[in-house]
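A, B, C and D are the chain letters, set down in written order, and residue numbers restart from 1 in every chain.
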Amino acid sequence: MAIGEELRSSHFWRGVLAELVATLIFVGVVLGASAAPGPLAPALAGGLVVGGLVCSLGGPQANPALTVALLCTRKLSALRGAAGVLAQCTGATLASAAARAALQDDTGLVTRVSAVGTAGTALAWETFATFQLSLVAFSIPELTAPQAGLALGSAVAAGALAAGPFSGGSMNPARSLGPAIVTGVWDDHWVFWLGPVLGAVLAGVTYEFLLAPGASREKLGA
Amino acid sequence: MAIGEELRSSHFWRGVLAELVATLIFVGVVLGASAAPGPLAPALAGGLVVGGLVCSLGGPQANPALTVALLCTRKLSALRGAAGVLAQCTGATLASAAARAALQDDTGLVTRVSAVGTAGTALAWETFATFQLSLVAFSIPELTAPQAGLALGSAVAAGALAAGPFSGGSMNPARSLGPAIVTGVWDDHWVFWLGPVLGAVLAGVTYEFLLAPGASREKLGA
Amino acid sequence: MAIGEELRSSHFWRGVLAELVATLIFVGVVLGASAAPGPLAPALAGGLVVGGLVCSLGGPQANPALTVALLCTRKLSALRGAAGVLAQCTGATLASAAARAALQDDTGLVTRVSAVGTAGTALAWETFATFQLSLVAFSIPELTAPQAGLALGSAVAAGALAAGPFSGGSMNPARSLGPAIVTGVWDDHWVFWLGPVLGAVLAGVTYEFLLAPGASREKLGA
Amino acid sequence: MAIGEELRSSHFWRGVLAELVATLIFVGVVLGASAAPGPLAPALAGGLVVGGLVCSLGGPQANPALTVALLCTRKLSALRGAAGVLAQCTGATLASAAARAALQDDTGLVTRVSAVGTAGTALAWETFATFQLSLVAFSIPELTAPQAGLALGSAVAAGALAAGPFSGGSMNPARSLGPAIVTGVWDDHWVFWLGPVLGAVLAGVTYEFLLAPGASREKLGA
């Protein structure tokens, strides 16, 4: 049985473990940097840690939206995708619990819809920011190594700076789920799942069928 | 007929689409980051998103000034140049409309001449900032991949930081046109076309005839 | 005698000298940038100088925690490790003395436990930040050159931004020892040795036995 | 005659022109970014523009201190060095005149000794910051292309952040000379020549005779 074989392979479990560790590191760094005033520190910290992780660990997406988009474009098995998302949410929750223990005021951890905007505005910006991030992520398999970390880290920081004033610039459902679980603040939480997943799937489809070298409509039947 | 052939090739239309998508992403990210206080967020976001786009999408200029400079140095067909500028302005206007819908106060979107300076000052700085950016852009075909994104992203951020206090650091007529269309604020708008185009053409000429490896006066007749 | 041979080789002493120079530069840059207001300047300066040093000098760890972790994973001889740590502490103390002479108020030099947190909180964040930094450092021998500087510099800046609000984001016992010696402020100094060393050793073990290509349990007996 | 030949070669004059253009761009970007509040904007702008220039133009030092250090380590002919420094000072003065024309209050252009420190303190920090920058610059001929821009840009930004609070973080006599000429403010101007030149020559000697692969005392007689 294919599923049984996959579950017994050490490659499978090492990949899932890398997802957990990478998401724990990403969410921990972003939440720690969010304790500083101003929007620059968390945005730059997020971009920098992603750049470092891509260069060193290579594979992990550390982002359920990217994992779902890879599933939709048939680049990942369903089992690997589901285990990856579960590992990402576990890593994010562990990091959020650690961050909460360290902070007296934990309201800064949760990504929220800006007071000057609506949930629709936040949804649009989360979709847009994740779209540009995922466009880069989809082109990564065709990139050489130093370029991949540079490109993905830059896109994470740019997206966080762009969407930050409207929605906190999450672009990552796990990064929003962890703090919601440990603080119990679930206001507009759907925005941070729907927006990133929509943006990532849209980017996957745009890249595969329009922009990729050799993109074509025939791919739909592959 | 050559023009008919070009219009029927999927390569042509994919390039034009990439211009639209890249300019939409660039302008969206810069306008979103402009909602944060201080000059660092939009400058860094602009540089980071350009770095990411060059690494992933490769080709698009996402900037009418660069496209015009490539036309002047005969590196682009007139048809491709015109279609590219149109696509860039469309992408920038779409991004500006989205940004305007999300903001209560849309005055921060428009690039303006600084209150402490004159239109002439702003023109000089836009020309200078686009000159240094375009010098990098013209050397890119001779660069390897990771270097190209790094160099162009750095130059965009550096130029935005330098010209920011005087003119907002646009360096890109499409980035200035979009917000002007959606807000109806056209004060000194000519500065943001003349400055960048002048700077880019000047850089193209300087690079091609003075600095490029193998640069020579004979190129004028090529 | 192997130790006698090692002590007579110019390669050995050049490596130790590089540790001293690199730590002097790292600590000097971080302490100088700490005189500016806000958390961004020292974090970015630290990451940038590490990126530059890795690209130019290559080898040195400039961090006792990394050296101890390399000792624990048997990648360094005991003699070279001890001489390296001594050189790092000497370099850091020289830089701290120079920084102290230049500042009227030297309280900003010392890394401290944040007033809103406890020593335990600071210890947890130092461990976490050094863990993610060291994970990158352990993967560096398998990286090509430009990637190594980019990855390590990014991880230093990201860790400093993340742990900064809780513990000052030292991640480097030498960086904390130098200012403590020249100012005589030793409050919670153990946090800045235990946390980084724990994080680095944990990362070394995680990388070698779980994440590295070809990682396996047999390595324990190697 | 060797000097006559050199003066007639187009390679010689193209190199001198590149020095003028690169220094004009560097000083213009740094002075423009200095109009923004805070120490981050000019430091990052300086690092970013150097990274972009190294990637695109390659050769120019754009810094009299580096040119003098290359002369001292016999890597440049005396004629080329003198013409280079002259071109650098001309470029810096042109950029400063342009910046002065655009600013109502030109006091921010000049690098000064900090009010809380002495000229000796500023001298020490200029020497230190230029030392670490030049150490990277001397290792550049052995670096591959993307690494060179990254390393030198990082070192410029790190040094500016470190020395900024004490001396403005010039590390470049041309960058200090230009504003002094156009504003007539020459307070402690010698600090910005002696410090950088001392730091660069010290780095050249340290690198060539101690740290470089294949460094040896015999090089002194080469």
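Simple rule for what comes next: a residue touches a chain if its C-beta (ideal position, glycine included) is under 8 Å from a C-beta of that chain, and two chains touch if they have at least 3 such contacts.
All of these numbers come straight from a predicted model, not from anything done at the bench.
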{"item": "Shared interface numbering between chain B and chain A [over half = same, under half = different]", "value": "different"}
{"item": "Chain located farthest away, centre of chain C as origin (C-alpha)", "value": "B"}
{"item": "Angle, in degrees to the nearest 5, of the Cα rotation that carries chain C onto chain D", "value": "90"}
{"item": "Chain centre separation in whole Å, for chain D relative to chain B (CA means)", "value": "29"}
{"item": "Geometric centre distance via CA averages, chain D-chain A, whole Å", "value": "41"}
{"item": "Multi-chain contact residues (two or more partners), chain B", "value": "38, 40, 44, 146, 150"}
{"item": "Contact pairs between chains, per stated definition", "value": "A-B, A-C, B-D, C-D"}
{"item": "Touching residues (chain side chain D, partner chain C) in the complex", "value": "38-40, 43-44, 47, 116-117, 121, 124-125, 128-129, 131-132, 135-136, 138-140, 143-144, 146-147, 150-152, 154-155, 157-159, 161-166, 206, 210-211, 215"}
{"item": "Residues of chain D defined as touching chain B within the complex", "value": "14, 17-18, 21, 25, 28-33, 35-36, 38, 40-42, 44-45, 48-49, 51-53, 55-57, 98, 101-104, 145-146, 149-150, 153"}
